[in-house]
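Each chain gets a letter, A, B, C and D, in the order it is written, and its residues are counted from 1.
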Amino acid sequence: MSMMNRIQTKLQEDKKLLSIYFTAGYPQHGDTVKIIQSLEEHGVDMIEIGLPFSDPLADGPTIQESSTHALTHGMTTEKLFSQLQGIREKVSIPLIIMGYFNPVLQYGVEAFCKKCREIGIDGLILPDLPLREYQLQYKEIFDAYGLLNIFLITPQTSDERIREIDAASNGFLYLVSSASTTGAKSGFGQDQQDYFKRIAAMGLRNPLIAGFGISNAETFAQATEHTKGAIIGSAFIKYLTENGADSAGDFVKRIR
Amino acid sequence: MSMMNRIQTKLQEDKKLLSIYFTAGYPQHGDTVKIIQSLEEHGVDMIEIGLPFSDPLADGPTIQESSTHALTHGMTTEKLFSQLQGIREKVSIPLIIMGYFNPVLQYGVEAFCKKCREIGIDGLILPDLPLREYQLQYKEIFDAYGLLNIFLITPQTSDERIREIDAASNGFLYLVSSASTTGAKSGFGQDQQDYFKRIAAMGLRNPLIAGFGISNAETFAQATEHTKGAIIGSAFIKYLTENGADSAGDFVKRIR
Amino acid sequence: MTYNVDENGYYGEFGGAYIPEMLYPNTEEIRQQYLQIMQDPVFEKEFNDLLRDYVGRPTPLYYASRLSEHCGTRIYLKREDLCHTGAHKVNNTIGQILLAKRLGKQRIIAETGAGQHGVATATVCALMGMECIVYMGTVDIERQAPNVARMKMLGATVRAANSGSKTLKDATNEAIRDWINNPVDTHYIIGSVVGPHPYPDMVARFQSVISAEIKAQLQEKEGRSRPDYVVACVGGGSNAAGAYYHYLDDTQVGLIAVEAAGKGVDSGESAATSYLGKTGIIHGSKTLLMQTPDGQITEPYSISAGLDYPGVGPMHAHLYASGRGEFISITDDEAMKAGRMLARLEGIIPAIETAHAFAIFEKRKFKADDLVVINLSGRGDKDLQTYIDYFKL
Amino acid sequence: MTYNVDENGYYGEFGGAYIPEMLYPNTEEIRQQYLQIMQDPVFEKEFNDLLRDYVGRPTPLYYASRLSEHCGTRIYLKREDLCHTGAHKVNNTIGQILLAKRLGKQRIIAETGAGQHGVATATVCALMGMECIVYMGTVDIERQAPNVARMKMLGATVRAANSGSKTLKDATNEAIRDWINNPVDTHYIIGSVVGPHPYPDMVARFQSVISAEIKAQLQEKEGRSRPDYVVACVGGGSNAAGAYYHYLDDTQVGLIAVEAAGKGVDSGESAATSYLGKTGIIHGSKTLLMQTPDGQITEPYSISAGLDYPGVGPMHAHLYASGRGEFISITDDEAMKAGRMLARLEGIIPAIETAHAFAIFEKRKFKADDLVVINLSGRGDKDLQTYIDYFKL
C-alpha cells in the first residue's frame, strides 16, 4: 500500500489505544453516527462499527441480541453506508467495519470495498473470512481500495500461523484474549497475561490490539500491559442498552 | 356304558327337546338351584349349568358378563358343587355342566368327575377339551364315572370329522348353528337350515341338539325342524338380567 | 431326550390344542400343512429373501465390551432390535403372512401387548395388501401409544379389549373370538409361542432363525458355535424360543429365561409365571399358568406390556419343569435400571421387555470367561414415555 | 470433470472453510489428519466392524414391488431406516467418534434438527464413554420429543437453542459457539455434509458406505452396479451425498435431490434452498443459501425438522449449479401423503424427511424399466405425533 492508512498512522502514536466496538443501528436505528462522534469526542482512538448479521456465530449473547435488534429495526448494509455518508467530515479517527462475510459477499466484495473507500472506512474485520480464503480470492480487491483486513489470533494459534498472519497483515493483529465468543468475562487471569506476553515477545511486524473480555479500566490496563491497545465490545453494548446512546461518552470516561 | 344315562333316556322321548343354559350363580349367587327347579317345573327337558370361567373365549358378551358377575360374587367350583348337593332330590331331568377345561383340571379331572357322579350330573360340555385331547387323556375317567362328554359340531366341521365325533359320542351332538361365539343372533337363515338338514341326512348314531343363536319360539321351531332339540343360552341370560331369577319360568312359557 | 415338540404337539406334558371345535378346521388346516409349506423351497426362498431384504437379517451379534467389563463376563448381544419394526416379532409375522397367503386367507387378525407384534402384523399386511385387525387391551393402548399410531399409519384397525385386566391376555381372548366368528377367510397370526398346537412350534420355527444366526456368528467370531449361556426375556416366549432353538438339546448351553416380577413375585402384582404358575389351560395350550386355586386365570402385572401375560408357551413350561431352563424373575425397578444401564454403557435403549434380560447380572454371577449371549429382543422407542416418567427425564 | 471435492476443499465454487480464527486449530487439525486416519487399516477395521456389528450394516437394498407397481417404474429402497438409531446419521457419528478418539478429544458436541443426529451422537458417546452435549432448537425439541428423550436416556445433555427460528440453523450456531469456547478438548460432530472443509468431505466419505453397498447389491440383484436414478432427500445433504458418492462422476446415473418446499416454494415458508437460495456463507462454507438481498440468512420452514435448514452442503450446491443433479421440491402435504403411501404399500413408515423423496412420483415420470434407487434415510418413529396430528389417526 502506498498511502498511509489512518489505522497505521494511529498505531504509531505513543500511547495505548482504546478501541470501541458497537453494533450499527443500536440501540436506535439512527444512533450510529451519534455514537461514533461521541466516542471520538471522548478520546477513543479507533472504532469498530458492527455490521449486524442474522447468525453471528463468533459472538456471545450481548452482541447477538444487539444485532438482532438492529436488524429488526431496519439496519441493512445499504442503510449503514448511507448513515456513514459524510462521516469523514465529522470524525477523523480510524473506522473499521466489523461483520460477517456473507453480507459483504451479497453486496459484492468489490462494490463493498469501493463504498468503504468512498466513505472513508479504513479496515475490515470479518472473522469468518480467514487468511486462506482471503488470500485465495479477495486480497487483491481489498488492497485495490486501500482497506486493511484485520486478522484474529487466539491462544490456540500456533506460532507458525501467527507469523503467517503477521506477514499477511498491514495494520494490527487482533489478539483474542481467550478462545471464546465475544462477551465480557469477569476479569483477566494469569493465562491471558502469559499469552499476551508470549506473543509480544515474538517480535512481530504488526502491533497487537487485544479484544474479547475487556470491560473496564482494570481489564483495559491489564490487556494493554503487553499490547498496543485493546478493544471493548460487549461491555459497551451492555452500557448502551442500560443507558442509551447519549451515555456513550460516560462509558469512555470510566475507562480513561 | 352299562346303565342308561339320564341324557340317553331323555333323547329317546318322542318330542323336540328344549334345553336351557344358564350361568351358575347368576343373577344372584344363590339362584342356581331355584333356576334349575323352575326350569324343570316349566317343562324344560335338559339343563346346561354353566361353571363360570374368567376367560370364556368361546362366549359372546352376554355369557362373558354373566360369568364375570358370578365369579365376582363368589362362585367357585366347590361352591357350585355344594349348591348342587341333593339336587337329585329336587329335579330329575338331565343336568349337564358346561364350562371351560381349566377349572376342571385344577379341581382334578377325576375328583371332578367323581363329584359330578355323586351329585347326579349326567354329562359335561367342555368346549376347549376337544376330541383328541379327551381321548388321549381323559376318556377313561369320564367313562368310569358314567359322564357323557358332549362334543360340538360346526358348519365348518368336515363330514369325516363329524363321523369321528359321532363314533366317540354316546349322547347327542351339539350342533353349533353357525361358527361363532355364543350370543343370540337375529334369526335363522337358509344357510343354517341347509346345514342342519345336511347333518341330519348323514344318518349319525347320535341325535342332534342345536345351539347358538336360538332365542325364541320361532328360532326354536326352525332349529328343531331337522334336529332332536335345541339349547337356548344367551337369550335366557339376558331375560334373567332384565327380570331376575324368578322369571325363569316365564321365559320358558314364551318358547313352549 | 428332546426339548422340542413331539408329534402330538406336546413338550413333555405341556402343549396340545385345547380349542373349541369352532377353531378345529383352522388349526387343523395349519397343523396339516405348516411343515410341508415351510419346507417348500419356494416358500423358504420367499421367507428368507424377505428376512434379508425387508427385515434386515442377519441381525448382528455384537460384542458389548463396556457391558462385559461392567458385568465381569463376556457378553454378546443378538441385535433383534435392529429388525424392521424394532423387534424379533416380525420374523414370525413374515412367516405367517406367507403361510396365510398359501392357505388362501384374505383377512388377518392378531393380538398385541407391547404393540410390537401388532405393528409387525400390520406391517406385513400392508406389504401383502391384506386387511388387518389388531386386538389390544385398553391399558396397553395407553402405555404403548406410539405403536398404536404406527398400526394406524400402516392401515390396520386397532380394536380395544376391555375385559379382564385389559391387557395381552384379554386381547388374545378377543382375537380368538374374532377367529371363531370368521372361520373361513381369516388367519390368526399369534405373536408368541403360545396358543394351540401347532402355533408354538410354528412360531418357534419362524423365530429359530435367531439361534441359527447366533451359531454361525459365534463360530465366526469365537471359533465355537456354542455359548455358555443364552439369555432372553419371556413373555409368551417367542424371542427366547428363537434364541434357544438350536441349542435346546445341547445341554452344555445354559438357557436362562427372564420373567417379569412386576412389583415383586409375591406382591400380588407380578407376571412371573414359572414361580407363580401351575399347570393349566390358557389360549388353547396346556402350560404353566398363573391362576387361582379354583382355576380362574389371575390378572398379571408388569410395567412392560409384552411380559404382562399370565402364561408362558408350553416349550418354556417344559424347560422349567424339566430343569433344562433356569428361570429368573426381575422386578419393574430392576428392569428399568438395567434399561438405562444398557443405554449408558452401549448406546442401546432396549424395550422394557428386553431390559428385564439385562437385569440378571445383579442376581446371577457368571465367570469371567463365560460366553453369554443375550437376545436383545427389541428397541425401546415404544417405551420412551415410560422411561421419561420413571426417570423424570 | 469431477463432482467431488478439490484439494482446497471446494466443489466448483462452493465449499472452503469460512471460519473464525478461533476454530482454525480444530478444523486444521482435522483437515491435516482425517484422510490419513480414515485410511489407516486399524481405523478402517474398527469403523467397519462397528458398522457391521453395531449399526447393522450392510442395510438391505429392497425391491419394493407394490410401490413399483403403483408408480409404474422399478424402485429399490436403500434401507438406512434399519440402521441402529433409525437413520443414516449414525454412519457418520461412528466415524467421527473414532476420529475424535484418535485426536485425543474427551468431549463431544453436536447440533441436531430432527434429533436423529443428536441421538446418533449421544449413542456413540455412550458407546465410547464420552461426554456429550447436543444443541437443538426449541421448536425442534418440541416436535421431535421422542428423540429428546432418547438422548437423555443415553446420558447426553440437550441444550436448547433459542435464537432465530429456533431450529437447526440456530442449533448449529450454538454448537459452533460452544466449540469456539472449548477449543482444546472438544470435537464437534457435525451431522451433515455442511460446515467448513474438511467436514463436508469427511461426512460424505463416512456416508459413502451407502452407495458402496448399493453398487454391490445392485450388481448381485440386477447384474449391473448402476441404477438409472438415485433419489434422496436433502436437508444438509448427508444421506444424499452418501447415496450419490460412488456415482458422482458417472453421469449415466441421474442424481435426484429432493428438497422441502414447506407450504410451497413461493409461500415464504419453505426450505427449498436450490430454488430460493443464492451463493452465500453459512456455518463455515460457501454454498447455496436462503437469504435476504442484504445477506441476512432467512428463517426456513419445513414440517420436517431435518430439512428445515436454509442451506445445503457445498457438494449439492455444485451439483445444482453444474446441472449434474436434478432438484425437486416437495411440500409438507405432498410429503405427508407420500409417507402414508409408503406405509400402506410397503409397511414402512418413513421419517418425514425421507417421505419427501417418495413424493416425486407425482411430479416426475419415470420409464417402466427405469431402475430407481431411493435412499430410505430414516424411519418415522420420531414423527408419529406429527403423523397423528396430520392424519387425525
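In this section, contacts are C-beta pairs under 8 Å (C-beta built on N, C-alpha and C of every residue); 3 or more make two chains touch, one makes a residue touch a chain.
Just so you know, these numbers come straight off a predicted model, no measurement behind them.
Student: Rounded to a whole Å, what is the gap between the Cα centroids of subunit B and subunit C?
Tutor: Those two chain centres are 37 Å apart.
Student: Approximately how many whole Å separate the CA-defined centres of subunit A and subunit C?
Tutor: Taking the average C-alpha coordinate of subunit A and of subunit C, the gap between them is 66 Å.
Student: Using CA atom averages as chain centres, what separation in Å is found between subunit A and subunit B?
Tutor: 97
Student: Using the contact definition from the top, classify how the chains connect: line, ring, star, complete or other.
Tutor: Line.
Student: Hey, which chains are touching each other here?
Tutor: Result for touching pairs of chains: A-D, B-C, C-D.
Student: Please give the residue numbers of subunit C that touch subunit B in the complex, ascending.
Tutor: Within the complex, subunit C contacts subunit B at residues 8, 16-22, 24-25, 163-164, 169-170, 173, 176-177, 180-181, 183-184, 278-284, 286, 289, 291, 293-297.
Student: Residue numbers of subunit D touching subunit C in their complex, please.
Tutor: 52-54, 56, 59-63, 66, 79, 81-84, 86, 122-127, 129, 146, 149-150, 152-155, 339-340, 343-349, 380-381, 384-385, 387-388, 391, 393
Student: Show me the residue ranges of subunit B that touch subunit C in the complex, using the header's touch definition.
Tutor: That would be residues 53-55, 57-58, 60, 64, 68, 71, 76-78, 100-107, 127-130, 132-133, 136, 151-154, 156-158, 161, 176, 179-181 of subunit B.
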